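Note that the chains take the letters A, B, C, D, E and F in the order they are written out, and that residue 1 is the start of every chain.
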Amino acid sequence: MSKGLLEHEVGEQAELFLLVKNSTKGIASNGKPFLTLILQDRTGDIEAKLWDVSDQDEQNYKAETIVKVSGELHNYRGRLQLKIRQLRPASPQDGMKISDFLETAPVSQDEMMGKITQYIFDMKNPNIQRITRHLLKKYSQEFLVYPAATKNHHEFVSGLAYHVISMLDLAKVISGLYPSLDRDLLYSGVILHDLGKVTELSGPISTAYTTEGNLLGHITIMVNEIGKAAEELGIKGEEVVVLQHLVLSHHGKMEWGSAKPPMIKEAEILHYIDNLDAKMNMMDRALRHVKPGEFTERVFALDNRSFYKPTFHQ
Amino acid sequence: MSKGLLEHEVGEQAELFLLVKNSTKGIASNGKPFLTLILQDRTGDIEAKLWDVSDQDEQNYKAETIVKVSGELHNYRGRLQLKIRQLRPASPQDGMKISDFLETAPVSQDEMMGKITQYIFDMKNPNIQRITRHLLKKYSQEFLVYPAATKNHHEFVSGLAYHVISMLDLAKVISGLYPSLDRDLLYSGVILHDLGKVTELSGPISTAYTTEGNLLGHITIMVNEIGKAAEELGIKGEEVVVLQHLVLSHHGKMEWGSAKPPMIKEAEILHYIDNLDAKMNMMDRALRHVKPGEFTERVFALDNRSFYKPTFHQ
Amino acid sequence: MSKGLLEHEVGEQAELFLLVKNSTKGIASNGKPFLTLILQDRTGDIEAKLWDVSDQDEQNYKAETIVKVSGELHNYRGRLQLKIRQLRPASPQDGMKISDFLETAPVSQDEMMGKITQYIFDMKNPNIQRITRHLLKKYSQEFLVYPAATKNHHEFVSGLAYHVISMLDLAKVISGLYPSLDRDLLYSGVILHDLGKVTELSGPISTAYTTEGNLLGHITIMVNEIGKAAEELGIKGEEVVVLQHLVLSHHGKMEWGSAKPPMIKEAEILHYIDNLDAKMNMMDRALRHVKPGEFTERVFALDNRSFYKPTFHQ
Amino acid sequence: MSKGLLEHEVGEQAELFLLVKNSTKGIASNGKPFLTLILQDRTGDIEAKLWDVSDQDEQNYKAETIVKVSGELHNYRGRLQLKIRQLRPASPQDGMKISDFLETAPVSQDEMMGKITQYIFDMKNPNIQRITRHLLKKYSQEFLVYPAATKNHHEFVSGLAYHVISMLDLAKVISGLYPSLDRDLLYSGVILHDLGKVTELSGPISTAYTTEGNLLGHITIMVNEIGKAAEELGIKGEEVVVLQHLVLSHHGKMEWGSAKPPMIKEAEILHYIDNLDAKMNMMDRALRHVKPGEFTERVFALDNRSFYKPTFHQ
Amino acid sequence: MSKGLLEHEVGEQAELFLLVKNSTKGIASNGKPFLTLILQDRTGDIEAKLWDVSDQDEQNYKAETIVKVSGELHNYRGRLQLKIRQLRPASPQDGMKISDFLETAPVSQDEMMGKITQYIFDMKNPNIQRITRHLLKKYSQEFLVYPAATKNHHEFVSGLAYHVISMLDLAKVISGLYPSLDRDLLYSGVILHDLGKVTELSGPISTAYTTEGNLLGHITIMVNEIGKAAEELGIKGEEVVVLQHLVLSHHGKMEWGSAKPPMIKEAEILHYIDNLDAKMNMMDRALRHVKPGEFTERVFALDNRSFYKPTFHQ
Amino acid sequence: MSKGLLEHEVGEQAELFLLVKNSTKGIASNGKPFLTLILQDRTGDIEAKLWDVSDQDEQNYKAETIVKVSGELHNYRGRLQLKIRQLRPASPQDGMKISDFLETAPVSQDEMMGKITQYIFDMKNPNIQRITRHLLKKYSQEFLVYPAATKNHHEFVSGLAYHVISMLDLAKVISGLYPSLDRDLLYSGVILHDLGKVTELSGPISTAYTTEGNLLGHITIMVNEIGKAAEELGIKGEEVVVLQHLVLSHHGKMEWGSAKPPMIKEAEILHYIDNLDAKMNMMDRALRHVKPGEFTERVFALDNRSFYKPTFHQ
């Protein structure tokens, strides 16, 4: 596919394959059913309406199917819409795969795994090293494809692993500047802090919360896992409780879901690194399509703020 | 011991054995050291000052020793003080035991254990029953002597078990009135909700937080324990996660230390029953020495409120 | 009526009499007026659209009229809708009464009145007993038919009385477990706490706030009534102020509309009992149509939480 | 008395009669009792210590007795203290009255009553006028001597009446600028808003809360009184509920003790006028002894702020 | 224009010139574009829908154009709508000016300027007087036409100046009642407090925030301006910092945008006067079209309250 | 001086020169005056009492004088105290300078200035570079000796400059990892963000707030300075407003004293870097004297948390 969905201008004709991310049936004021489709490729997603739909249409255009669409981009109340001219389901002959339409991390899974493996290899404390390696290995398959969240930040395929390697790099340079920090603890905290998401969330596509995710949450899930890992590995040192504390407290405050606030220096720094990388990701995405001299839309997860791109940038 | 400490009137001469609960050294304005003692028996505790102390005195009157004291009760800024006339350490011949001086639950350990055993026996869901029995058995020794907290409510020997049996009785009558409640779940939640305190706290006397207690807290500790118990017992059903959720959410809100709010009906009711019994205990203790027509001191854990005893009560 | 509205499945044809709970006129995008109807029977309510309406239709289908409707149940964005095929106003020959379509308490008015009368009869304090009996008698007619609220909990015919008898039963078993509680005070507090709603609200159908309700609220209204009752009955004891305090403080905190927080033990317990019964009612209603293994919709009045029905429940 | 207490400089010898406002017994580090006295005259109060006191001293120097004292003013940690050289109880021959030592409003009771009477006379709405006159008359004796509060603002003899006349003057000029305001309603709201304090508080000296004051509060007390007054006077109009609403809502928000926020324009303005006058009073008192270029102590009731007196003032 | 837009009754035919305040394109469920117009004259504004629009229509009816419209007023969900029968753009021959359709202050610009000039003339402190005069002169042109805000209060042409003169009159009568207030400081604070809005906002029509307004805000802008003015005028006294503090703190609290809370008496009073006038303006506007015995819509900027107009008003 | 104050053990005899940081007079219960001294050297400070002092003593031992003291370290309620045996003022012959006793940054002023100069030299945007250089030069003398705060973090001589170079190093490595960041803007923001403290605070010793500091605060002061600098340098670009925004918003939220929250990516990151370095400094200082396996005292500025030093750390 040469030109991506959001690389078209408003008013431009587009003809391309897209993935149906979401499909909702409505009843129009003339009493006839219509579909509100969210269509996406790797450059982003867009809303489109399909009027006067049959039961067959409803079947053809449900979530996670690929379609061929031609139409025109409109600006409706400041948001893009695709006005559909022609639409058909993709056929096997079109040779399309769902993964072609999903946004993924800009680094390959192999490269990410290699990087993390090196960080674990560098650890000097054997207890911390063994627990970290054990848990990463146990969940490596999911870890490499899951998003870091259902929305807000790193909500793409392999987003979790990408978030972790960015944080590891931050942990490295920051502990370079503050030598009193325990690197092993910090690296391990980074690798494990969100690993419970592979149980909390359903998977990389149409990501939802599992029952266990809803009732316990990724923090509690991983704190339990660290305990079990230590037992299986026969590790008894205080490192176990300290690692559990790092994961437990990484949301920073009770009202943000950490039953204990950070009470160890590395726990506090882990919380900071996590926030810093998440916010950089959110701000960069919000500013992606904004021109110098303009403000972004309000970003809910950033206290509903708009961000300004100075005119002297570019 | 015929007449207890707090059964004396202000101005009355007292001569009795007491336990030193706390002993702090200070330096008086004449440059000489003195001790601030907290002395207690089963009826409560009182502050007393010992002036011009020697190093020997400091040794003799440290925490957890028993003393024979004679003196007079004073009222100083609305709080009782004991003015010491004579003081000596108890000797073996006096035949005193520390346990004689500690407040304990008004029901015997055997009776409490019997009651709880019956509640477990009544459960119909075998998964819930087996996990509950397993964990109670594992920690029964500590469970029967620990307090429910270091302060605020049920802060006495066997306070934890006493709090649990009161809550079980509440759970029974409430589920009698609302038949849609799952009794097994509620009983198990009551029995397990604070059981992590036997790891969080140091013990029944001079109760302090352990490192694990500080870094993880009793909720996380017990959620982990339920997971381990299920694994050891080979239990796989949803009951495991649901019980973990009940314990996890029993503080009711994230800002009160529950990483998840109650999302199951019995979890919400468990939170209520816990609060109701804790508050009854706090109010009864605050009102114990208050006369009709008067207000209690402000109770910090009850939003710093004073409580009034109506004149028509007795 | 054989099969109730919400006892139909999605996709099923329904033909039944319903009450118009609410009727709002809109203008469709073709410029023609339409009506959004909320139709109800005892099993619940549903939205339906009536397109291209005449002035006559608007008259025929306004709130509190009974209609005969045939149509089909749809699921639109997770909410049920009724697609109308045929609609006509009920005629006198149909023999329908509005009360047939209203949800009411599951216990008869006589039975509820009998129960409360017995509770009042059991009181030992004559001042409390006389004030309670006087006020209940004064408003018994409204008390027996009013809802307990316009929404959230017990929002059905006789909901107020039903809420009160549930709370009385709770008060009885709880004061059985904590004998230091003053039963008379607690029973009277339960009976009077929401009685001001008969002045605050307009009535059992299409319930709205009265001007007095808006400007003063049911708490202030009833506190005033207790004062007047005492004057009329020539009662002078502290019971008057104490009962006023129980009503005044039953919302628990200033920010929830109680100008004073509970400062008497029974006032605190009244607040708990009120909450417990209201929450049980809200949770039971939210879970009513939820299958095991699923979550309810978010319930605004329960801190916007969803509740889960465990798979092992039935 | 020629020179008042706080008109002395630090280090200056003082010999004057003072009223014991408060007397608290302590036990010094030498084991001997001492008294902490708060002594006052119309210019303010000061702390003084009396060492090695006898039982007789304790009797002689309790609260609300007049003493003759000579001593020296010291500055101790930024607060004034009086170092007592000689002290004796005043004798009848000294001819001192308690009222000589109390701060009072700067306007006579007669003048204040005259002013308020005129404001009531100016009212045009007979219902409002009659209720206001009735209640003022009923409590005029207490109204003229009570303070407006136990601390924070207008906490002096006749402080309540003085606060009311200042607010009436504000109400007059503000309604002059905004003619849409209902003057009658505003004047009546001003006169009645704090009148419940004559029941809530114990009296002008050693002011404390009564049981009714604690359990109901001055707002609820006066809302009840307005209801009773209307009944006694046979007044039925909406003015009754509206006046009750003005009193009920004058604290402005639920969390500040108003069960309803202001929902009538004059209620909102009443809240403003009340605040404005209270804050002017607090700021003027805090700045009274402050030199240009300096800050006041922190004032708790003004959000713990300090206030600066600019150097160009005087 | 004889009869203004909002002077028509619901159901009445209207034929009049109106200004398009806002024009938004939508796509109807039949796939055809429509316009949602906000049309206004001096009496207020109303929504109207224009169906099936061409590109030409979109051009003809964009914001800030004048149109001739005939149609009928409807009530749709409690809000007025204009159902358009005929519509055309105004032609030059119609002789209409945009300013004819804008709400403006009820006092002429000359009169307002005269009044403010007199207040400045009355100042006795030359430093305060010179700074105030300098800044008013520098921005007088914008000051006389800008609104005081984009919404909420005084959001009309010359609203800023009108808000200032109302506040000056309040400042005069209040400092008349509290002679300890520094009138010069208060008058200057009133004149300068919102003057930064002429830089923060884009102008009197279609008012939006400028980049500088977004990034710095009117408070910071004016604090800077006072510093520059003092430098240009060679003024060194403490008046400069004190005036900056008054502007800086006039929102009253940090969370409302004042980096410092009021710490000078006149700063506190300025905050009160600002609020009082803004709230009077908001309440009067909300109550304008409300009949006695009814409530206004909820007003977001007044804590989302409704206001009641008593039946005895008119 | 061989061994520093806090390098002594509890119970050890100490004989050393110390600086009187603070001296407060009290009156003991025997009526005699005493002094509470805070004595310090570069290793920290300690409290000591001097009993029965003369007026001469008070003169000799006031703040900012150097004394020779011999005594013993005690532990009083968990805090160190120095029990004075001998005390005399230092004489000129002792050859002591105040600067010998003050904690200072661990890097020399020259080295810090060199580092910052290099960072400015590296900037590519001439507007940002010139404003930054101009302001740093204007205040370089104070900048190099001022603390970063009166308490909480970097509260030592040259603390401000040390805080800035640590933040610059952080800014460098973080913008290395996130290349979308504008390094010039970030470096300039770091250098200017707290520069207003040289006007807000009184100086490096006995640091207090100036009047301007109290009334405006360091943020407002520096925002004004940037405006003036731009005017003096004839710079007009958007860089001016953007730099002002970075300084204005660096406290992150309105309730923390930033009238605007960060609305530019670099402003958000500046806020993070500032926090990260301040917290590292606070945690390191709190943990300095704590042994593995122990908790620090509660740190007020870190949400009143204690921090744990794991046993496996050394």
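The rule is simple: contacts are C-beta pairs under 8 Å (C-beta built on N, C-alpha and C of every residue); 3 or more make two chains touch, one makes a residue touch a chain.
Here the structure is a predicted model, which means the values were calculated and not measured.
Participant: Chains touching chain A and chain B alike, please list them.
Facilitator: A chain counts here if it touches both chain A and chain B, which gives C, F.
Participant: Could you check if the interface between copies chain A and chain F is built from the same residues on both sides, meaning over half shared, or from different ones?
Facilitator: same
Participant: In terms of residue-numbered contact pairs, which of A-E, E-F or A-B coincides with B-D for over half of them?
Facilitator: A-E
Participant: Between chain D and chain E, what's the gap in Å when you average each chain's C-alpha atoms?
Facilitator: Inter-chain centre distance comes to 40 Å.
Participant: Would you kindly tell me how far, in whole Å, the mean C-alpha position of chain F lies from that of chain D?
Facilitator: 44
Participant: Please list all residues of chain B that touch 2 or more other chains.
Facilitator: 29-30, 211, 214-215, 238, 242, 263-264, 295, 306, 308
Participant: Pull out all the chain pairs that touch, please.
Facilitator: According to the stated criterion, the contacting chain pairs are A-B, A-C, A-E, A-F, B-C, B-D, B-F, C-D, C-E, D-E, D-F, E-F.
Participant: Show me the residue ranges of chain E that touch chain C in the complex, using the header's touch definition.
Facilitator: 28-30, 34, 49, 51, 74, 76-77, 81, 83, 293, 295, 306, 308
Participant: Of all residues in chain B, which touch chain F in the complex?
Facilitator: Interface residues on the chain B side: 24-27, 29-31, 211, 214-215.
Participant: For the complex, give me every residue of chain B touching chain C.
Facilitator: 125, 127, 166, 169-170, 173-174, 176-178, 180, 182, 185, 237-239, 242, 253, 261-265, 268-269, 272, 275-276, 279-280, 283-284, 287, 295, 302-303, 305-308, 310-313
Participant: Okay, in this complex, where on chain E does chain F touch?
Facilitator: 211-212, 214-217, 219-220, 223-224, 227-228, 231, 238, 241-242, 244-245, 248, 254-260, 263-264
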